[in-house]
């Protein structure tokens, strides 16, 4: 197994989670190093979003989560955010009744007023077309703009690790590139990114490493420069290892 | 007569509106309709009379203390009756837990305070009769409280970050949690605010309604009517609905008698809800399986 | 009860007793030293309890005094008290308990008409003598309830007293009659309005209003518009009465208010916006408990002295309530003293009570008439003259 | 297919009619105690007992509303008030001539039934809290009308209650009358509770969409139940008036309403014994703890809070020892597809279920954007696509939960109406749900029997009286459900409470419930989610067998391997549109599919 050469930022081991009786994740081990982009791939229903939620504390979980040297196995999403682990959930869930500016401000809830103002401007600078609409209510934004707004929210706290859940869903190809480019800029600024993405090709182009998830377990871990990756992924997705052909 | 209909109707309507807002504030923070709204109104009157009239406390101090007790009641409501059932799959357990708590408080009041309506002190020491009936403090105070509450909430929601956090939680508590907003603390704060508004309603309305344990049931129902008609969560709807309800009741009291008014309000309540379950001002929401 | 009970064999009764572990055991023959049980049904809590609380003080005091003095032929009186909470269902349960289980020799109460209406037929069915101070006329009917006696005036008498004062003493012709919606209130209005009309008065307004209604201005305006010269409110609800008085005061409408005794209670007073609202208010009262020329009648004066010694509170109750409570217990004691405790003997004795000199009233019963209170003792008093729980006789009476 | 006649192991059938009431021993004790109580010769206890019986007559009906259907009716004392006044006023001749007390009592029941429906109407549309408020408001109104309408009610003075003639005259005669009516109410509500009506009520409470999918018409059923509960409340009112001997509006307190309501919740929802015991206890408690009397409402409220927070199952749960026995830890689901021949009708005819041009959006989001789909008898049709591509939405449109903005659905050419999900069952279209929709507190068998609701022949009144047709229905449904359970491999768990099952077992239980409909079409929403590899294999075989017996299957699934293994045809959705359709082989090699689905 290829091991990341970098200093680990997020270490997940033996993580299990689910919804009520439905167990979705079974003993996940995963690492994200400082300043790297890791793509988390897998077919629908594999548990990618569940994994992010379990890491950020949105779902109850068992197992061990260590972030920046701190045990975060039982902490709340708020603690995670304060520690620099920010989760941008899927489905561009912004607050439609508030303005763009207010939405971004809320991401820094609890920060000192002066500092917050600066951070908000900094984050808005990532997406000028959002910044232009700062006084519009979020309900007037298109789906793509809402997604950009959600990512902007994720930037306010200068996270050490940003988890993006399907940031490209429902976006036109141009916008997808814009959003993913922002992720690349973040990496250059030293922020690690854990990216759940449906568009495998784009994800592979962007990421340093990749995990594939199927049926609640990690079925593949690789660096993106390894050969024949798409093929191996497809195998991992439809793997013969799980369901034997019917007699 | 016209003066009496308007001033009394608006005043009692303002109390209904404030109780409606109390329902709304709690609903926004937790999607819970709490039976404690009427209880808070009742307590505002009873505690006010207890502190100021019985214990001879200074009116301002008593007022602050009553609101403090309201906030405390709000906190207890959240911790005892709302938080434990929010996680439950069963959607309507909160109806039962808040009802139980409200009944407990009502019964304690009935026993310790008595079942008779008791007087509430005149707050502003002016001789009655020296000012015009339009400016009677027992009519003006509830209206003033309603205006202050609306302005305060407007300021909170529109001008402060914490107010926006309330709105965010009301709209999408999951996303708010993911964003790192302290959802539990904010919900507690909402219940405390609701406690303050509810007791404020009861306190300012008590010169009219007296310090009476039976006000709980009356305020629970008549405070809910504007919420149901105006659309849940809508404070504007609650204020308009509350004032209209007060005027209607009082007009009916004058013109045809109180029992008819009660029957009419109830009939309107049922019919409107059957035709437009989301309320006159509410928007239909799509059903998702 | 029914025949069925007597048919049950002794043997099976024993089985049944064994079945109900904590059930009742048939009492052995009553020894001569056992206490005499008085079933007592006060409403000490609940919405109409102020009367009950007052009466209770008198009853408790009387029983204490009698027992201290040696009881009835060596037997103590035992009050078996069940708070009816102003709730008729509680009263019905309590009646069954007092008559059947406790085997009370007599029932004193219920003190509220609402409960008495439900309790009276049941007590009659169980053939236990009953004494009560409720005013509703229907509660006394020697055919239906041959063992029930009333210590107090009937509503008709009370109304007659008030009507007499309005029409003959104050000489007012246009009258507004208002009540709350309780049994007592509605019955009163329904009885008094025809009586007023028969006396030649014009009833320009009459209505029942929910006592919880916080604003009575509409009602008073209607009265005013109808040209009423006096308001006659019939309610035992202090909040309701005070709102009438406050509204009258706020409207600067200077008509006399003539009506129910609670008009003069401390609770009503506490709810007034200003003391002047109590002016020109005349409430029912009873001659024996009123000041005439600043002095109480002899019997009442002595009673008050005794009460003061016992430190009985008067700030929130009325002399006549306490006196009535005392009279009730005393009447029962006198009856037991004279006739023993057997139901038939008790009734036979009571049927012959003549001018029994109570502190509250002078009681006379006959086999045909179990309403024992004399008309002329029902008077009106000035409520703002309250002193030690009693009032001045209203102006205009010839003493 | 050799052992299609293999015996199905039957859980021990309950003996006699008492068997349908849980805890028959308790009922025998209660019944004997009631019959023998007069021997005590203590009419005080007699009065308390009569009161308990009368309250139970009302609560037995209310139990169906609150405990079974889960409707929060906190003001049901209004039915008691109405019944009491109707009976008293008619018997006393306040309206027309004097009625015979029994006729007047019946009229009280009728009045209650009518009022029950009126109060119940809002429950068909409104949310729980609104309904609670409505019943509360109604009870206030009834009292106010009683006060105002003096000619009939006597206003505040009240009116004497009816006296029933010998042998039910006041005293022990009336006692036995009340006892008999309480027993009758228990028996009738138990009949309903243990019938397809009762199961449907509980399903409405806990799994409304599943109830609709099984053909339960919520509106019709609830109206019947409100009518019954109102009638029982009215009869209780007539008895109450007689017990009180004299009624005034202040006898009907809100505390009483609280007592009825809380007794049911303390007793346990969906139980009859629990609420009955709780009613007796709450009626008697204040009498035997006299110092507590004034605190009784406070105590009830506290109890309610404790029940809600700590033991939501109430007394019934505490008495349910059977379901505390541990289940076998390592259970295996062994499906028996060979039994399908007995479970399903042989559909030799070729049916088609189709939708054309469906468009549906939520707010601004296009969930489905012009979709055509056709499912045929005897084949498995896979529906796949990324998250949010509209698969489940399409299924919900087909099964009638959503009304699309354009397009139509047809069965064999006949148009299927939308927003009438409960009509799908009559057309033999069954479905399962992404998260299993089950009644956790009911047994697995009861859960499955819900699926056969539409095959019941007995009317509500036949069931009420347990007439032969009702008993036949039950026997048939029971047999069919056991067979369906055996088919999916769960027959050993038939008597177990459903919420004790593992997730995978619930998925198979849902399939058994759907099979009860002997479906022409079966729509499965992610049936393999959360299943082990072995379970998925057995599920696949079962689905294939179902389709081979003539049922058309629409299968939404993320497990691509399962889809490609068992489907005859596959439709791929993306962004609410059909991306491709064809055989599994065609789809696997479809370039666009691979790129959309795999993102490559």
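To keep things simple, chains are lettered A, B, C and D as they appear, and every chain counts its residues starting from 1.
The working rule: contacts are C-beta pairs under 8 Å (C-beta built on N, C-alpha and C of every residue); 3 or more make two chains touch, one makes a residue touch a chain.
Note that the coordinates shown come from a computational prediction; the quantities given were computed from them, not determined experimentally.
Among the remaining chains, those touching chain A as well as chain D are B.
Each of A-B and B-D has its own count of C-beta contacts, and the greater count is at B-D.
When you average the Cα atoms of each chain and compare centres, the chain farthest from chain C turns out to be A.
Here the CA centre of chain A is 43 Å from the CA centre of chain B. If you average the Cα atoms of chain B and of chain D, the two centres end up 35 Å apart. Averaging C-alpha coordinates per chain places the centre of chain A 79 Å away from that of chain C. Taking each chain's centre as the average of its CA atoms, chain C and chain D sit 53 Å apart. Contact with two or more other chains is made by residues 45, 47, 210 of chain C. Multi-chain contact residues, meaning those touching two or more other chains, occur in chain B at positions 111, 259.
Multi-chain contact residues of chain D (touching two or more other chains): 144, 147-148, 294.
In summary, the structure contains touching chain pairs A-B, A-D, B-C, B-D, C-D. Interface residues of chain D facing chain A in the complex, by the touch rule stated above, are 364-365, 385-388, 435, 502-503, 506, 526, 529-530, 533, 536-537, 540-541, 544, 558-562, 564-566, 575, 594, 597-600. In the complex of the two chains, the chain A residues touching chain B come out as 20, 56, 58, 77-78, 80-82, 86-89, 93-98, 102, 105-107, 109-110, 153, 157.
Chain B meets chain D in the complex at residues 33, 80-81, 84-85, 88, 90-93, 95-97, 99-101, 103-104, 107-108, 111, 217, 220-221, 224, 228, 259, 262-263, 266, 269-270, 273-274, 277, 286-289. Chain D contributes residues 33, 36-48, 51, 144, 147-148, 150, 155-158, 160, 169-173, 243-251, 253, 255-256, 287, 290, 293-294 to its touches with chain C in the complex.
Considering their complex, residues 45-47, 49-50, 207, 209-210, 212-215, 217-218, 221, 237-239, 242, 250, 252, 267, 270-274 of chain C touch chain B.
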